[in-house]
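For reference, the structure is listed below as structure tokens.
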Amino acid sequence: MTLLLLLGTSAIAAIVLAFVGDRKYAHEINIAGSAATFVASVFLAVEVYWNGPMLAVEDFFFVDAFNVYLAVLTAFVSTTTAIFSRRYMKYERSHGRVGHKSMRFYHAMFQLFIFAMLLALLTNNVGVLWISMELATLSTVLLVSLYRTPSAIEAAWKYFILCGVGIALALFGTVLLYFASEKVFGEGSQGLLWTNLSASAGQLEPTVLSLAFIFLMVGYGTKVGLVPLHNWLPDAHSEGPTPISAVLSGLLLNVALYALVRCKVIVDGATHSNKSGYIMMAFGLLSIIVAAVSMLRQKDIKRMFAYSSIEHMGIATFAFGLGGPVATFGALLHMLVHSITKSAIFFAAGTASQMNSTQDMSGIRGLVKGNPLVGWGLMLGTVAIAGVPPFGVFTSEFLILTAAMKDAPYLAPIFLLGLAIAFAALFKRVMPMVFGEPAPYQVSIKASNVPVIAHLVIMLVLGLYMPVFLNDWFHKAVELLR
Amino acid sequence: MTGQYYPILLEALQVIIVLLGAPLLVGWVRMVKCWTQGRRSAGLLQPLRDISKFLVKDTVLAHNASWIFTATPYVVFGATLVAGAIIPVVSADLPLAATADIIALVAIFAVARFFTALAGLDVGTAFGGMGTSREMMVSSLAEPAVLMSVFTVSLVSHSTSLSYMVHDITTVSFVLRPSLAFALLAFVLIAIAETGRIPVDNPSTHLELTMIHEAMILEYSGRHLALIEWASMMKLFLFASLGISLFMPWGIAGIDDPGMIPVALVALTAKLALLGVGLVLVETGLSKMRIFRVAEFLGMAFLLATLGMLSYFILE
Amino acid sequence: MDVNFAAQINGILAALILLTSFGLLVQKRVYGLLHIFAWQGLFLSISTAVVGYSTGLHHLYISALLTLALKVFALPYILYVLIHKLHIHKEVEDMVNVPTTMLIGIALVIFSYDLMSPVRELSSLVTRSTLAVALSTVMLGLLMMITRKKAITQIVGFLSLENGLFFAATSATYGMPLVVELGVALDILIAAFIFGIFFFQIRTTFDSLDLKEMEKLKEEE
Amino acid sequence: MPSPFDLVSASIVAFLFISLVSAFLARHQRFLVNFSSLLSAAACLLAATGGFLAVLSGGVEAFVLPIGLPDLPFYMRLDALSGFFVTLVGLLGFFVSIYSAGYLRGFLDRRSVAPLIVFCNIFMAGMILVLIADDAYFFMVSWELMAVSSFFLVFFEDEQVQNRRAAFIYILIAHIGAILILLSFGIMAGFATGFESFRGYTFEAMRSAEMPAVWASIVFIAAFLGFAAKAGVIPLHVWLPEAHPAAPSNISALMSGVMLKTAIYGILRVGFDLASEPQWWWGGMVLVFGLFSAVLGILYALMQDDIKRLLAYSSVENIGITLIAVGLAMIFAYVKMNTLAALAMAAALYHMLNHAVFKGLLFMGAGAVLHATHERSMEGLGGLIHKMKWTAPLFLVGCLAASGLPPFNGFVSEWLIFQSFLLTPALPGRLLNLLIPLGAAALALAAALSARGFVKVFGITFLGQWRGKAGFEAVEVNWPMRAAMMMAAASCLALGVFPTHVIGWLDSVPQSLVGGGIGMTARASGWLWLTPVASERASYSAPLVFFFIAFVIGAIYLAFKARRVNVRRAPMWDCGFEKVTPRMQYTATSMSMPTRRIFGFVFSIKESVRAVARQGSLFFPEKYIYHLKVRDRVWNYLYKPVSEASFYFARRVGKLQHGRIQIYLLYSFVTLVVLLVFA
């Protein structure tokens, strides 16, 4: 019940906003919708926490420790993003970067996007998972090109085509999956239910599944933004409006990774080998290194942090590939902390580029003097994302690293090298932006700092003290994923 | 009944020897030098006369001389005298010898030098600075060298405490060792450098291009100058007797036999006299080096000393 | 009509689909592309219907109809309208030389055949052999997107890739569950609208649908 | 009666509390300064007492703080080793806190001191937490807490670009070091039991971890390099001479005085406590690194004309000296000579204590000079002894101590290290036997050179005549600063004059680490006499030496008083050349010229003299311009290649982002095909 409420809220919000999305109170509706979703998700979470995994609507939905926490995370980040986007988009609007229709479109699509992701997370049907992933892509494509600038359109086009092709390949993988499962479950949607597949993965045909996994890997991997399938990601993040960048790298990548991991579980169950794990580790390492190195030479602030998202997704992928309780725990935690931190950073970065009316990092200076909250927000966010304690990212990276040291000691140095380079790049770029004398053209604007502060506080708490229920969830999830 | 006074008497004797012996040694050296150069000498006591003369003369201070400048002579003299009270000259069981071993001894000399160098900078003349800079260059190379050479001896004698070293070398473990030979050679070179003799420095010049020690104390006069001069004489005497008691201590009074002391005195005088002659021969034979040759000279000394220590570890 | 016969028909249709996607690969004229694409959709829907008939799975009829509606009429029509509106019907693009493309295409067909042979052994379906064709259609669609320089041709390539997927779904598994089928169809429809919007946006901002215009976003030297 | 651990943890809470409160008191700057300095001074005292008692009792206290991950709470442990370092932090922290009360006033009307105070207290807390952490996770958290807070402190004055650059280099090297440390912890945890259940991260589990010798060596090397990066061991020292001048002086005092020591703590912790299977060459490696740092560090120091840079390089030297002792201790411990190992370790600890005190004093003095003149380069200073009547003698004490001259503390520890060299018997292993004399030689050289360096610092800065802007009048600094420096100077003297007590106190540390001690033998013949092993091997009586020198000086002084001659002031002797100006004095550069000539091969020197011609005259130029640039060779040999390589790689990778969508599609296509073929 809660579940339908959860999905329904965002769907309804989307529809409503499709009509009134350009009114003055649209922002508040947007916030309210997201907030309601968040509340619903919390209730759902509590339910699941007490009663354990649950199936709903004749097995169409399946909620367990793994996806429920991602659902809560999605709802939460969407709420804070809505709060942030209120002032942000008002400013954009007042500076004539977006028009009436666009605002309507923006709000509707935002909610639709949330809906798609929640659906992807909660559904039990691998096919529907695919559909909602596609839906998530489609709903954001036109948001990326919201500003109608040539580069925005180009970015959106690349996003559309690359993700379209990727997702198509994923569909092929899904077809193969169904092809294999059909022999076990016969015709009908039973054969696509994740619960059935994972339960009786042993009977599925290994060859087909390993084939299927490759397609799923390439397909969903494109959306996760793994190198070398990542090329849409920096463009889309840097050209879209900041709230969208925040949810893209904070949520969409997570959901894609979630889909991938779900499929991995089935495949591993069938093939009884960790071949898929090795593939994921390879992708992860490649992403870490390439992204870290690319960050060294970035000029656009959002672009740089987009690369950092690639790096962190690489870390999580690597960890999931590594397997084992510690690594998986770390990976789950990493998905959480990365999305919270990264969205906070995007908020701060967005405000910063509004203040200096440029996204070029060489043009942004002395934020601390201009607006201490924004400056420190960006600085601390960078510190956190760079994996420095006492912020949560460190915890997950610590666990993943040590696990890597134990299970794959010869890969660990590469991993560490990547981290070091990324660290250097981040600090080299961010310090001049935050400190020093502000640029003359810098204006101080009314930015909503609540989301940034909230996220950073959460990160700090997570770094120093992890609540027991979260820990239990992760352990349950780890159990599910082994 | 003299038993419990014996150490005190011995210490007193030692201090007197150092205080008076130093000017006498310098006087002797100058005398021999005059003879070798066919001049009439001013006599053995001339240095003593100089000192007493300085002591009664007025003192002139530069306008911006600070308390460092006035304090330095006292510190230098005090440090050197304490050093003199530590090195066994006539008897191995010098009571104060235990207060500071050979490393501490070198450090005490370093204190004296440190303050001299500061005094050189204090007034702010070009000369003082030049002297300080050069002196510190010399010392920074000489000090490790002297440490290394005495380390070799203390490795041989399994002790760094002077009296035990002397005792050990006279009585127990003296065989002809390559390490000691290296150490001795190094020590001689350094002693020349440290006491500011030709070919490193010339105590009797005031040519700005050549002087080192004199440049630092150029501003001193009167009783300050007296203290400094006296201290430097003592330094010469002490290095001589240190070399003697480390490398040729025979004839020195061993642990608790007071009877030997007169003999020891005679032996000491003889050795010092010989050393003086040797020094004169060196100084008349050689001419002063250019300042940056000194570095090579000392580097060689350092190398020799290290070789000595190495050869102890490798050969013995 | 007995199963083997259906299988033979299906085989023929598969061959035709493959042929059409080769045709797409080498066709220069925009209208030509559309026609070939429409033909492909037709073959696809027929084969779906045949499979449905021969196996008595009636939801396949629905998907056959969907295919017919979308792939044969709706999409080509939308594209046609767009081309007309944007005055790009004369656009004839120079290809990177045809023989190479053809060779690569053939290589891909062989590759996917080889790839699918193990899967083929596993399957008991009459239509199993067409899985290879489906995969090669996908591959060829991808190849087309790589080799073509115009936005519109890329879209066509993308759609034929989708055809391959549909074909795989029907031939390999007698169609996905209906929910999925509908969802996929819906997605494709939305996609169609989106690229429609895109064409206008691109056209208005770059006044050409040539992808060379859209190579600004890259790591500057 | 609270236990030592209670005191220490109380101090940590206090520090965090202060930083929290200060964050909200940013309005009332003046109040904030006094309040925070006072409170943190009290907290430091708490910590110092706790550490002192812990070392005194030599007991072990453990505690588990139920935060962090539920499966991995924060384990804490206070034993003799941690206690010693906590004492260090507390002691110097106390001086510096009092100093800050005066020093921070200098910022009051220029900029907000709130961040400085906030991060400074976090920094203190972080350092103490590092010392009492007892599991890898908590250790890393506190380690990075320390690093990051000090990083913010380094560029507290963030307008200058070079400060930001310094901070960047600092944080980067610190982070790479941290990663290396994490590497070694990770390996140990991996071999420890209960890794799967998060229990392997505790130091307890690591101690009992069994691992093959190769892995043990990797663990040690990684840990050593990681900590060396923090300690500023050459060649990882480059951040240090950048960061120390950039940071405010009270912070540089803390960083150089105690933060570097926490790295040594880490080396001791891993080398003696955690790592199993020690190898014979571990000690040798540490020794060699120590030698290079000691000699090169002081040589670089001699070349500087910025006081704080010079002091920073001298910290490199002293860390090197400490590592020499540590290396000796490891070697002795390996060959099971516990007494010798204890001697060497006691020497190392003692030297760290001394260095903390005198380097703290020197940095505070440098801060005072900066505070009074706003001039960091010695070339613009001089004659301050007449203006700063208190600072000058206190700074002099620091210089004497740093040059290892009796009766001050620096000498005692160097003496102990020399003793442990000289007591070395023939060791198994030819290499080690060669190392010992070379080590002694290098140490002697470093000691002598450091005297040279500090003559330069004091002489040029405080003596002679004012070289700076004409008509500038420096004024003595305020009381809190003076008081802090006085206390530091007093403890320099005390540590130098009563070594036996100190050694008796810290004896429990070697007892616990190498299972031997010199506490008994050191005091065998009374507290007056320091006899490390036996009185016939070596003995040194600091009190007596001090007393006798004082006595002789006093005696002469009185003798002169008895019959006084008149002293008159006169202009200094100008060789008959009338116009002697302050510009004719020796400068810092000319002071160190002989060293440049002798050891020139060590540095990369750019030297140029340019004549500015006077119009109309060919022969008599207007003036000569002398330009000198001395740099670490390490920069060109190590750091430039690395950064250039990474940027080159970055350019190459950037080419991947080609911009053409077809190319991107090709990537996916190729990836797919490759995977299909190979997987």
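Letters A, B, C and D name the chains as they come in the text, with residue numbers starting at 1 for each one.
Rule of thumb we're sticking to: a residue touches a chain if its C-beta (ideal position, glycine included) is under 8 Å from a C-beta of that chain, and two chains touch if they have at least 3 such contacts.
Note that the structure is predicted; figures quoted are calculated from it, not measured.
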Most distant chain from subunit A, judged by the mean position of its C-alpha atoms: B
Chain pair, most C-beta pairs within the contact cut-off: B-D
Chain centre separation (subunit A, subunit C; CA means) in Å: 31
Chain centre separation in whole Å, for subunit B relative to subunit A (CA means): 78
Distance from subunit C to subunit B - Cα centre to Cα centre, in angstrom: 101
Centre-to-centre distance between subunit D and subunit B (centres being mean Cα positions), rounded to whole Å: 36
Junction residues of subunit D - those touching two or more other chains: 651, 654, 656-657, 661, 665, 668, 676
Sites on subunit B at which at least two other chains make contact: none
Contacts with two or more other chains, residues of subunit C listed in rising order: 115, 142, 145, 154, 214-217, 219-220
Contacting chain pairs - touch in the sense defined above: A-C, A-D, B-D, C-D
Complex contact set, residues of subunit B against subunit D: 56-68, 74-75, 77-79, 81-82, 85, 96, 98-101, 103-104, 107-108, 110-111, 113-114, 117-118, 120-130, 132-134, 136-137, 139-144, 147-148, 151, 154-155, 158-161, 164, 218-219, 222-223, 227, 291-292, 295, 299, 302, 305-306, 309-310, 312-314
Parts of subunit A lying in touch with subunit C, wherever the complex brings them together: 125, 127-128, 130-131, 134-135, 138, 141-142, 145, 148-151, 153-158, 160-161, 164-165, 168-169, 171-172, 174-176, 178-179, 182-183, 187-189, 191-192, 205, 207-208, 211, 234-235, 238-239, 294, 297, 299
Subunit C-touching residues of subunit D, taken from the complex the two chains share: 651, 654-662, 665-666, 668-669, 673, 676
Footprint of subunit A on subunit D - complex, ascending: 67-71, 136-137, 140-141, 144-145, 147-148, 155, 158-159, 161, 164, 167-168, 171-172, 175-176, 179, 182-183, 185-187, 189-190, 195-196, 198, 201, 646-647, 649-651, 653-654, 656-657, 661, 664-665, 667-668, 671-672, 675-676, 679
Complex contact set, residues of subunit D against subunit B: 382-383, 385-386, 392, 396, 400, 403-406, 411, 415, 418-419, 421-422, 426, 433-434, 436-438, 440-441, 444-445, 447-449, 451-452, 455-456, 458-460, 463-465, 529, 535-541, 544-545, 548-550, 552-553, 556-557, 560, 565-575, 580, 582, 584-586, 590-595, 597-598
